[in-house]
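Have a look at these structures, which come just after this line.
Shared between the two complexes below is subunit A, which pairs with subunit B and subunit C, respectively.
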Partner chain A sequence: MLLNQLIKELITKMGDDELILGHRNSEWTGLGPVMEEDIAFSSMAQDKIGHSWALYRILHEELGGEDPDQFAFMRSEKDFKCCHLTEMPIGSYDFSLMRHFLFDHAETVRYNSMLQSSFLPLQQLARKVRGELKYHTLHADAWIMQLCRAGEESYLKMQTALDNCFQLACGIFEAGPDDKQLAAENVYPGEEALYEQWIEAIYPVLVKASLNMPERKQPVYGGRYGKHTAYLQPLLNEMGEVFRLNPEATW
Partner chain B sequence: MNSTITIQAVYTSLEQVMDPEIPVLNVLELGMITDVIMEEEYLLIKMIPTFAACPAVEVIKTNIRTTLEKDLQIPVKVSVDKEVQWNSNRLTAIAKEKLQNFGIAAPQKHEGDVEIDMIMHTNCPHCGSENTYLRSPFGSTLCRAIHFCKHCGMMFEQFKPLS
Partner chain C sequence: MYGGGYIFEEPNRVQQREEQLHDDPEKLAAFEMRIAKGEKIEPGDWMPAEYRRQLIRLIEQHAHSEIIGALPEGTWITRAPGFKRKLALIAKVQDEIGHGQLLYNAAETLGKSREAMINDLLSGKSKYSNVFNYPAETWADVTVIGFLIDAAAIVNQVANAKGSYGPYCRALDRICYEESFHLKQGHDAFIELATGTPGQKAMLQDALNRWWQPIMHFFGPPDKVSGHSEKLMQWKVKMASNDDMRNQFLEAYVPKIRELGLTLPDPLLNKNEETGRWEYSDPDWDLFFEVIKGNGPCNKERLDVRKWAEEHGRWIRKALMKEEAFGKKAMPVA
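Right after this comes the complex of A and B.
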C-alpha cells in the first residue's frame, strides 16, 4: 500500500483516541472530587481535543483528507479507529484517573517516538506537544502516588482500577497490518515497540505506588479495525448533534 | 508595497497587541512572533501559539491583523509558523517582570527540558518566599499551574515552564 495511506491510518487512530478521550475527560467538568481536579480534567480535555484537531488538520492539509469538522463529526461509527479504553464512560474517579495515567504515558511514548519521524508534520507536532504532555504525566503520577498512600481502602480502589483498566490499555497497542512498513520508513517504530517503552515508563511509578502490574493476558482489541463498544455510538451522537443541526456553521 | 513603512513601525504596532489571557503582555514579549516579511502585496506576520490547544490563537491572529492594518494602512496576513515551536524561554525579561507584578510567577529558565523538581519550589510572586509547593499543574488557563505559598498562606498561579 502507498505510504501516505498508511500514515493516514496511523494519524486517524491517534486523532480518534484524543478526540474521544478528550470528550470523556470533559464530562468531569463540575463533577471532580476537588476543584483542582475539575480544572485539571477540563484542561486535559482541552489539550486532547486540541491535539486531535491538529492531527485532523494534518490529514486535511498534507494528505488530502476531508475538512476536520466533517471528519470529526460526520463519520459513521465503524470509521472511527479509537481503542476501547477511550470509549468507556467516565465511571468512578479512580477509573478515570487510572485511564488518564495509562493513556497519557502511552501518548507520551508515542509522540516521543515521533520526534525523529520521517513524516515532517508529525515530527513538528511531536515537538510541539512533548512539553505539554509532561504536565499530564506529572499530574497522573502524583495522584496515583497520593491515593495509593492514603490508606488501605484507597489503595485497594487504585489496584482495582488498575486491574480494570490494564487489558483495555493494552488495546492501545493493537498492531496494525503495516506497522513493519511504517517502522522501516521511519515514520514511527510500530505498536509493539511502543508497548515495550510504555511498560518501561509506567512500571517504576507502579512499583513506587506498591501496585501490582497485571500481565498482558487478554488485551482488548478491535477498535483499530472499527469494532467498538456499545458506549461509542451514543457519545458520537451527542458530539455530532450540534454539528448535524447546522453542518455549515463555522466554529 | 508601500516603502515608507519601516520594520520599526511594524514592531511598534505589534507592541499594542496584547494576550487576551494575560492582558499585561504583548505578543512580542511573549515571544510569539517569529518573522515579519514585506511581500509584494501585503505584510506577512508569522507567529506561533504558546500551547498547542490554546483557544486564544484565532483571536490573537485576528487582533494582529486588524491592529496592523489600522496602524499601517496596508493589507496584512498572519500565518502560524510550523517550523518553530514555542517554549517558555522565549518570554522576554520584561515579560517576566510584568508577570510578577501582575501576581503570576514567571516560568523558570530551562535547558531544553523541564525538570519536575524545577517547578516544585517556585518563588511566590507576593512575598518572594521559596517555601511553596505545587498544588496542581493545571490552572485557570492551559499555560498556568497553581502553587501554594506556605510563608504567606496564599495560592498563586505560575506561567509554567514549557520545553
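Right after this comes the complex of A and C.
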C-alpha cells in the first residue's frame, strides 16, 4: 500500500481515539466529584478534542482528506477507527479516572515516539502536544496515588477499575497489518513497540500505588477495523444531531 | 455568566433585625463612613451582622448560579455543531464552574463553608438564578443564553464589582474579564444563526420568543414592589436597582437584536424618547415567584443533577480527607 494511505489510517485512528475520549471526558462537565475535577476533565476534554481537530486538519491539508468538521460529524460508525476503551460510557469517576490514566500514558508514548517521525506534520504536532500531555499524566498519576492511599474503599475501587479497564486499554495497541512498513519508513515504531513502552511508563506508578497489574490476556480488539461497541453509534448520533440538521450550513 | 440580578429573600427576617439592633453604634458609624468614602471591607474587618448575612446570601446565590447555570448549556456540549463551537462551549462552561469555585472561596471568607453552601443548595434553602430553571430545547437556545443571559449577567456583575466587599469585588473583576470573552463567543454564535439559512433563523426566533420572559425576569421584580434595597444600597451590597439594570440591558441589546431582523414577543416594548427609559409589558411575576418556590420547568432536574454529582463524589471527597489523616502513608496491601 502507498505510504500516504498508511499514514492516513494511522492518523485517523489517533484522531478518532482523541475525539471520542474527549467527547466522553466532556460529559463530566457539571458532574465532577469536586469542582476542581470538573474543571480538570473539561480542560483535558478540550485538549483531546483539539488534538483530534489538529490530526484531521493534517488529513485534510496534507493528505487530501475531507474537511475536518465533515469528517468528524458526518462519518458513519464503521468508518470510525477508535478503540473500544474510548467508547465506553463515563460510568463512575473511578472508571473515568483509570481510563484517563491508561489512555494518557499511551498517548504520551505515542507522541513521544513521533518526535523523530519522518512524516513532518506528525513530528510538529508531537512537539506541540507534548507539553500538554505532561500535565495530563501528572494529574492522572497524582489522583491514582491519592485514591489508592486513602483507605480500603477507594483502594478497592481503583483496583477494580484497573481490572475493568486493562484489557480494553491493551486494545489501544491493536496492530495494523502494515505497522512494519510504517516502522521501516520511520513514521512511528509500530503498536507492539508502543505497548512495551506504555507498560514501562505505567508499571512504576501502579507499583507505587500498590495496584496489581493484570496480565495482557484478552486485549479488546476490533475498533481499528471498524468494529465497535454498542455505545459508539448513540454517541455519534448525539454528536452529529445539530450539525446534521444542515451539514452545508455554517453553525 | 451568571449572577442573577435578584437576591432572593428568605421568609423570616425578624431575628436578623434584632441582631442588627445589637451592632455597636460607634462601630457601625465608622463602618458606614468607610463605605461612603469608597473603601473596601476586608474579611477581618468589623462588619454588621446583617451586612455579613446579606453578603453571604448574595455571593452564595451567585456561586450556585454559576454551577447550576453550567447545566443547561452543558447538556449541549456533546451536541455542539462543529469543532469550533464544541471547543468554545466546553471552555465556556468550564469557566463558569471556575467562577463558582472563586465565588465559593469569596463567600467562605465570611465564615460559611463551601460544604454548608452546597448542602443549602441541595436542600432548596439557598436559591440560584431563576433563569436556569428553564430548558435549553435547541442549539439556538444555547446561543440565546450565551449572548443575552451572559449580557444580562454582565450588567449586574459590572455593577456589583464596584461594591464594598473586597474579596467579592476582586472575584468579580476576574469573572467580568472572562465574561466579556464569553459574550463575544455568544454573540458570534447568535449572529451565525441570525444570518444563516431560513431554518436556522426560525430556530433562533423561536428560542428568543421562549427566553424573552425569563430574561425580563432576570433582574428581579420592579422597584416599586421590591423593597428592602435601601440599606443594601447604602452598604454597597446592591449597586443598582432592578429597574435600572433592566433598562440598561434593554438599552444596549434590544437594538442589536432588532438590527438582525429578529423580533421580540412584546408589542409594548419601546423606548420612550421623552423619559429616555424603556417601556414594556409586565412579565408574569406570579410565574416568577412560582419558579423561585421550586415549581419551574427544570428546578427538580437541575437539583437532581447536582445531587447525583454530590452523591457519586462522596467517596472521593471522603478519600481526600482521609489521605490527610493518614499522613500520606501508603495503604498496606493484604
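Following the convention adopted for this analysis, the second predicted complex is superposed on the first by the 249 of 251 C-alpha atoms of A that agree within 3 Å, B and C clash if a C-alpha of one lies under 4 Å from a C-alpha of the other, contacts with A are read in each partner's own complex, and residues count from 1 in each chain.
We take it that contacts are C-beta pairs under 8 Å (C-beta built on N, C-alpha and C of every residue); 3 or more make two chains touch, one makes a residue touch a chain.
Given the structure is predicted, the values throughout are model-derived calculations rather than measurements.
Applying the stated contact rule after C-alpha superposition, one finds that A:178 touches neither subunit B nor subunit C.
When the shared chain is aligned, subunit C comes close enough to touch A:72, but subunit B does not. Contacts of A:153 after superposition: subunit C is touched, whereas subunit B is not reached.
In the superposition on chain A, A:16 makes contact with neither subunit B nor subunit C.
Using the contact criterion defined above for the overlaid structures, shared-chain residue A:39 touches subunit B and also reaches subunit C.
By the touch criterion defined above, A:49 lies against subunit B and subunit C together after alignment on the C-alpha atoms of chain A. Once the two complexes are laid over each other on the shared chain, residue contacts for A:87 go to neither subunit B nor subunit C. When the shared chain is aligned, no partner comes close enough to touch A:191: not subunit B, not subunit C. Once the two complexes are overlaid on the shared chain, A:131 sits against subunit B while remaining clear of subunit C.
Of the two partners, subunit B and subunit C, it is C that touches more residues of subunit A. Overlap of the subunit B and subunit C interfaces on subunit A comprises residues 36-37, 39, 43, 46, 49-50, 53. Contact residues of subunit A toward subunit B in the complex are 36-37, 39-40, 43-44, 46-51, 53-54, 121, 124-125, 127-132, 134-135, 138-139. Considering their complex, residues 23, 26-27, 29-39, 42-43, 45-46, 49-50, 53, 68-69, 72-73, 92-93, 146-155, 157, 208, 210, 235, 238-239, 241-243, 245-246, 249-251 of subunit A touch subunit C. By the touch criterion given at the top, residues 51-55, 82-83, 85-87, 114, 116, 135-140, 142, 145-146, 160, 162-163 of subunit B touch subunit A in their complex. Subunit C contributes residues 67, 70-71, 74, 77-83, 85-87, 90-91, 93-94, 97-98, 100-101, 104, 139, 189, 192-193, 196-197, 199-200, 305, 308-309, 312-320, 322-323, 326, 328-333 to its touches with subunit A in the complex.
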